[in-house]
Amino acid sequence: MAPPAHVSAARRGTGARHKEQGGNWLDAYQRVRARSQVLAEPLTAEDQCIQSMPQVSPTKWHLAHTSWFFETFLLRPFLDNYREFNPRYGYLFNSYYYGVGRMHPRAQRGLLSRPTVDEVMAYRGHVDKHMTELLGQRHHPGRVHIRMRCELGLHHEQQHQELLLMDIKHVFAINPLRPVYRDLPKETGLAPEMDWLDFAGGITAIGADGTGFAYDNEMPRHDVLLQPYQLASRPVTNGEYLAFVEDGGYRQTEHWLADGWTCVQDRQWCAPLYWQLHEGTWHEMTLGGLRSLNRAAPVAHISYYEADAFARWFGCRLPTEAEWEHAAQDQPVDGNLAHSGYLQPMPADGPGLQQLFGDVWEWTQSPYSAYPGFKPLAGELGEYNGKFMSGQFVLRGGACVTPNEHLRASYRNFFYPHDRWQFSGVRLARDVLK
Amino acid sequence: MAPPAHVSAARRGTGARHKEQGGNWLDAYQRVRARSQVLAEPLTAEDQCIQSMPQVSPTKWHLAHTSWFFETFLLRPFLDNYREFNPRYGYLFNSYYYGVGRMHPRAQRGLLSRPTVDEVMAYRGHVDKHMTELLGQRHHPGRVHIRMRCELGLHHEQQHQELLLMDIKHVFAINPLRPVYRDLPKETGLAPEMDWLDFAGGITAIGADGTGFAYDNEMPRHDVLLQPYQLASRPVTNGEYLAFVEDGGYRQTEHWLADGWTCVQDRQWCAPLYWQLHEGTWHEMTLGGLRSLNRAAPVAHISYYEADAFARWFGCRLPTEAEWEHAAQDQPVDGNLAHSGYLQPMPADGPGLQQLFGDVWEWTQSPYSAYPGFKPLAGELGEYNGKFMSGQFVLRGGACVTPNEHLRASYRNFFYPHDRWQFSGVRLARDVLK
Amino acid sequence: MAPPAHVSAARRGTGARHKEQGGNWLDAYQRVRARSQVLAEPLTAEDQCIQSMPQVSPTKWHLAHTSWFFETFLLRPFLDNYREFNPRYGYLFNSYYYGVGRMHPRAQRGLLSRPTVDEVMAYRGHVDKHMTELLGQRHHPGRVHIRMRCELGLHHEQQHQELLLMDIKHVFAINPLRPVYRDLPKETGLAPEMDWLDFAGGITAIGADGTGFAYDNEMPRHDVLLQPYQLASRPVTNGEYLAFVEDGGYRQTEHWLADGWTCVQDRQWCAPLYWQLHEGTWHEMTLGGLRSLNRAAPVAHISYYEADAFARWFGCRLPTEAEWEHAAQDQPVDGNLAHSGYLQPMPADGPGLQQLFGDVWEWTQSPYSAYPGFKPLAGELGEYNGKFMSGQFVLRGGACVTPNEHLRASYRNFFYPHDRWQFSGVRLARDVLK
Amino acid sequence: MAPPAHVSAARRGTGARHKEQGGNWLDAYQRVRARSQVLAEPLTAEDQCIQSMPQVSPTKWHLAHTSWFFETFLLRPFLDNYREFNPRYGYLFNSYYYGVGRMHPRAQRGLLSRPTVDEVMAYRGHVDKHMTELLGQRHHPGRVHIRMRCELGLHHEQQHQELLLMDIKHVFAINPLRPVYRDLPKETGLAPEMDWLDFAGGITAIGADGTGFAYDNEMPRHDVLLQPYQLASRPVTNGEYLAFVEDGGYRQTEHWLADGWTCVQDRQWCAPLYWQLHEGTWHEMTLGGLRSLNRAAPVAHISYYEADAFARWFGCRLPTEAEWEHAAQDQPVDGNLAHSGYLQPMPADGPGLQQLFGDVWEWTQSPYSAYPGFKPLAGELGEYNGKFMSGQFVLRGGACVTPNEHLRASYRNFFYPHDRWQFSGVRLARDVLK
């Protein structure tokens, strides 16, 4: 399977990061901000209002909240005479920054018809206009902070671009009318066999190396001690996962963590989130609508519990995040990411270590914790990452809906073990017998 | 206070009932159907999507469900070669008719972005076109049933017109931006003193008398035996209710039913649903936005528990529905109803028995039960009323959002004792000491 | 089937009411109080601690609360120098009298290991000793109130005697070891055919006639107007109810009230509370342990929803409480009540109006409401009955666990429509076609 | 403060482990089993029935479940002709071993009055008699497995001895009568200053070294790489924690993990679990009853969230489990453990590294995960530990209610971050600036 032209282009262009813009933050700002709006274009005003479960946010909320981020952390502190677009928006579009002030309850984001989509777009225009002004003040005494926060704001917006796609997929999937976000190419094929690649272990450094942007939770770079291990050459496919389903995996307690088994019982899980059995044939809901299950593509939308149970059933285990990062450090940050336009995991297409970046986020067995010596960002932005360090697990590598510029080998994504509306899959690991 | 011109016009026109259309059901059909769309006009697409609590339905759901009613009970059984607009709508827009088939869960009506408002309007157009065709078939062998069901469908649509306004008020009231449905006239004044009117009791007949349309639950007309009683000349005002609030009524258990007290504690009620205290001044949320509390107008949006507690605090009681109907039987069915355009309860303006119809629904102490000899409609339409005869209480008289043509003295509305998003108030009654 | 000797004795002795004791309240007090302790005798200390669901109270709680009633409403106000047994008991054993003070949360009665059963018995002894002293003060200036309250306290204790048996049945029924409260006689037989008895209707008086003790909710006696009606000669039997079950009654929505259907779905009801299917044979849990279902005996432990659905399936309806009382007013207050010792409903044994009193409480279609002119008792005792007048339905006639002296034709029992741990059954009624 | 004689004795006797019994398992068996019964002696039958929250089990359940463990894993597979005491007990007293069969729902353990305490004691006698027989069969072909499982069963029983004390403390603490488990010595004093002890880090081995009993989750022993760090010389005291409380720590979001803050809000936490403010003075509920807060003793009954928030407020962090174990490996396994009889944390009494073992379990920042190469026990016993490896955190060191023989430096306890009914405290750690 040859990737379409725009995929190749994206792969060629992987070096394009914010940090390499030669300081031209305005270009980066405009490009990233425009991208959010492009993502919302296929959606009606009604689509942009829905919160299909508490974790999902309405599209228009994402569009407003990312603007609030720039308004709150850049315009208000740094732009003279800035006037807020609407003083109530500080309450409505604060996500979880207690240091900034009170906020609308998360689970009630879908109960707000106002501001309308048009009003949110006007808010974006207001913020963009003033950000353009601020970024043009090249001699601003706060310019160092402005650039740092602008870079953070753009990465923040990219995270919400991925969330927007995850969330609208959920919104559409629960609708009996099965809406389509965009017509997507249908491709099939065969996945290559799963190979095992050897890693010798030993002392290795992980974490952000300081050469580009990174979140605080990727720091400090530090040494870890690894045992020898093997990683699978590619993620587990839908076909492989189907064998687990058909073997009765969801009805056999012995594969499951105790909390996972409770979850399976309570929520009556019997397959990945978006799989559906219609007249004896498995289908999956995609951003291109309901389709027959592509067995060659990586399985997606599974929880940590499912990934872990599958691995145990298969006789393997999940990798640690250090094992994953060690393997990924000298790989190009490229693959089936958002710019490829597939918006679906695609089959692997060759030998060797495949699909580390893109297609699906890969669950690791590592709980999301502080690195030794971790220091959150100072002030209110310290709430960005650090306060979530309990109860969640790390995922690595990015997915088909992750903006290309947003990733790096040290990137740590994290979700609760029961979450599965993200594009999450599983790559197996195993110990090397000594 | 003089009513505005359109109110007087409405009052003059009170005789206009469906039944008096000389059989011209098409006119009635078009008038009622158009009215629903007029009510939705001030609303954005976003406004029409929101379900602010499980009891509330989105505006577009009301617009679609009322069309489904005609499609299901008229077009499908009676119009040759009728094709449904969309076969999934039968599932999406069935409210609670198990006899017709399965239905989308009520609490999830607000999770559906599709069909969009435009698609719902197209659905209405499709149904209207075919209903026009059906109603034009003057020699249809099922014409008797068609007319009966058409009349029922129009009353059904009128109920949903009231629900639409109740629901959008709730949608707006929970929004911190306090949207306005329509600019409404602001009027104040003084309410006349509360007088007591005597009724001698004895054997009297209540229930629908067969001279016009009535729901099955109003039948059969039957005799009841009443003790002598008194009714207050007008509903309790905001000012009178405020005295109860300020006397600590919500903190004194002795006024409350046991279930009511639990409700007050659990939901932390301290005033009617839409009252808010801002800087020491009481305001109320209205369809015209947030306003200072109009003390002369009838109190609205109170639960049965609050109506009952107020009455006990005041040293009175609620009337029974038979007492209410006995008093109302020879009164004109007129007042501050939806056509007046106030969309808010207004102060009473004279002596004698005032505001029996319109302004606010009046809680009675009568649980919603079957009349002796009650028979529900045959078939699936039997689910319309009868199956709700447990746990609810009867309200009488209609409110400022009730379509004028929809009411009559025998009309029985019903809600759970904890419900208060309807325009519900209280008229006091008391025993006559023998 | 001939009743055992002690049943006949009980039937002969039906006239024995508190009011006929010639003012010897001490005898009545001692007899009723001793009876509570006899009921607890078959129970271990562990049995007396359990609250198997929020509505159930532990046996020792009943034993303590009934003592608290005398302590609170008699000893503290009327006995000079009375000292409470333990000042914390006022909090622990107040059931729902807010006027008296705060109380331990109802749902947490089963979380208290202390006071132990022995301590509760010591508390009873303390109260009994001082009540004996108080009742001996024949010239006490408050003697009128003392006697009234003592009578109320004894009826209160009798209510808790019935609750104790209902509750321990539930405690045992949820225990996989199926404990037995007491060996009970096993009797079978055939129930007589269900006949229909005619009542002409008209104006009739219901409510307490003032000739003996009655609760405030039975007053005032007042006229009601009845249509002609028929009552079934006996309650519905297990066999008749089984036909409903086997006909799929629990899976057919058309028989059910909307709230009832929700209840059936949510709680997955498929038979009366204590029925169990073991290897194809229906059994029922009784106070004598698990037994094969006695098809001739009246069905018990059904909710209002089930009684109502059964009646609709059968083509009949439930009686109103006025219809029931009208029929019962000239019947002897006798039957299979607690003193008979069966502690299970027994088959009817003859023609004519059977089993109005005893065997099972009979659901009426009447919501529990105030009679016209109802006045609750003054003061804190006004909380006894009146505050429960919403959401519940009236049952009439008493059951096999109701103390004989506790009943009368005007007695109004009440439960929520979903409750079914009481011994509740159904007697059918129907309209007379005019 | 000098420890009482029996404390010193316990300290001298630390070497007494099961493994050193020279294979005389019967002695060990009898000693451990008798200890459970001694712990239950101060309790009434009623005390032994209560489940005060879902995590708590009734005392009699602990006594029965530990017997079920021997019956299930030893008597049934290894003793010829063994007959179960009661075949239903397999269902009632299985805790969470799905491989063994179905089980009574955990949250309903407190709803069972039967078996009574006496019946449970008879069950223990039955199991003990047959275990004595089995352990006497010195040439049993399964003797290797029997000894391994017996050792596991005794450690299992010791865990439940600690749970029994934790649980009964909770049962008593929620009772307004404040029962006392046992009179406990009251001691006060001053805690020594908190010192900081340096550890150089580097590669060090952690995990069970194979010289004695250990659970599967402590294996395999493996190397870890530590940064230089400091540990506090002793746990945080009540006095130090009180400063956090009085500084408003529970009202300041900035100290808290996001999930912790949600917990604080939802459960309205404002102090450790058993602290109470009476008339301006802080008290704590102990197994010896309610007492004024001992400021010199280690704070106990705090959740992970509270430990973590305190550490952040104090400017430090929690240790990792590897840091803790590294420091503990050459310390004697001794301290204020269950045999000391205090059943309360006591103040530290000297310089240097104090109280690593005993007094309070110390929260680490390490999520409970598998060690590299972890293999659970084969078969059903593999459910003992491994399936809980998500969502929980590791605690180290044992508490004042932990049996002395039960501990070792590699011992890993684990609880959810919101749990706090265990005797959990906090020892601070900090990084060494390089």
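Going in written order, the chains are labelled A, B, C and D, and every chain counts its residues from 1.
Just so we're on the same page, a residue touches a chain if its C-beta (ideal position, glycine included) is under 8 Å from a C-beta of that chain, and two chains touch if they have at least 3 such contacts.
Fair warning: this is a prediction, and the values are worked out from it, not measured in the lab.
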Cα rotation angle, chain B onto chain C, in degrees to the nearest 5, is 180
Using mean Cα positions as chain centres, tell me which chain lies farthest from chain D. B
Return the distance between the CA-based centres of chain A and chain D, expressed in whole Å. 39
Taking each chain's mean CA coordinate, chain B and chain D are separated, in whole Å, by 60
Which chain B residues reach two or more other chains? none
Following the definition at the start, I'd like every touching pair of chains, please. A-B, A-D, B-C, C-D
Of chain B, residues touching chain C in the complex: 96, 98-99, 203, 222-225, 227, 253-254, 256-261, 304-305, 308, 317, 365-367, 369-370, 372-373, 387-391, 393, 417, 431
Counting only contacts in the complex, chain A reaches chain B at residues 44-52, 60, 86, 88, 91-92, 104, 108, 110-117, 171-172, 174-177, 179
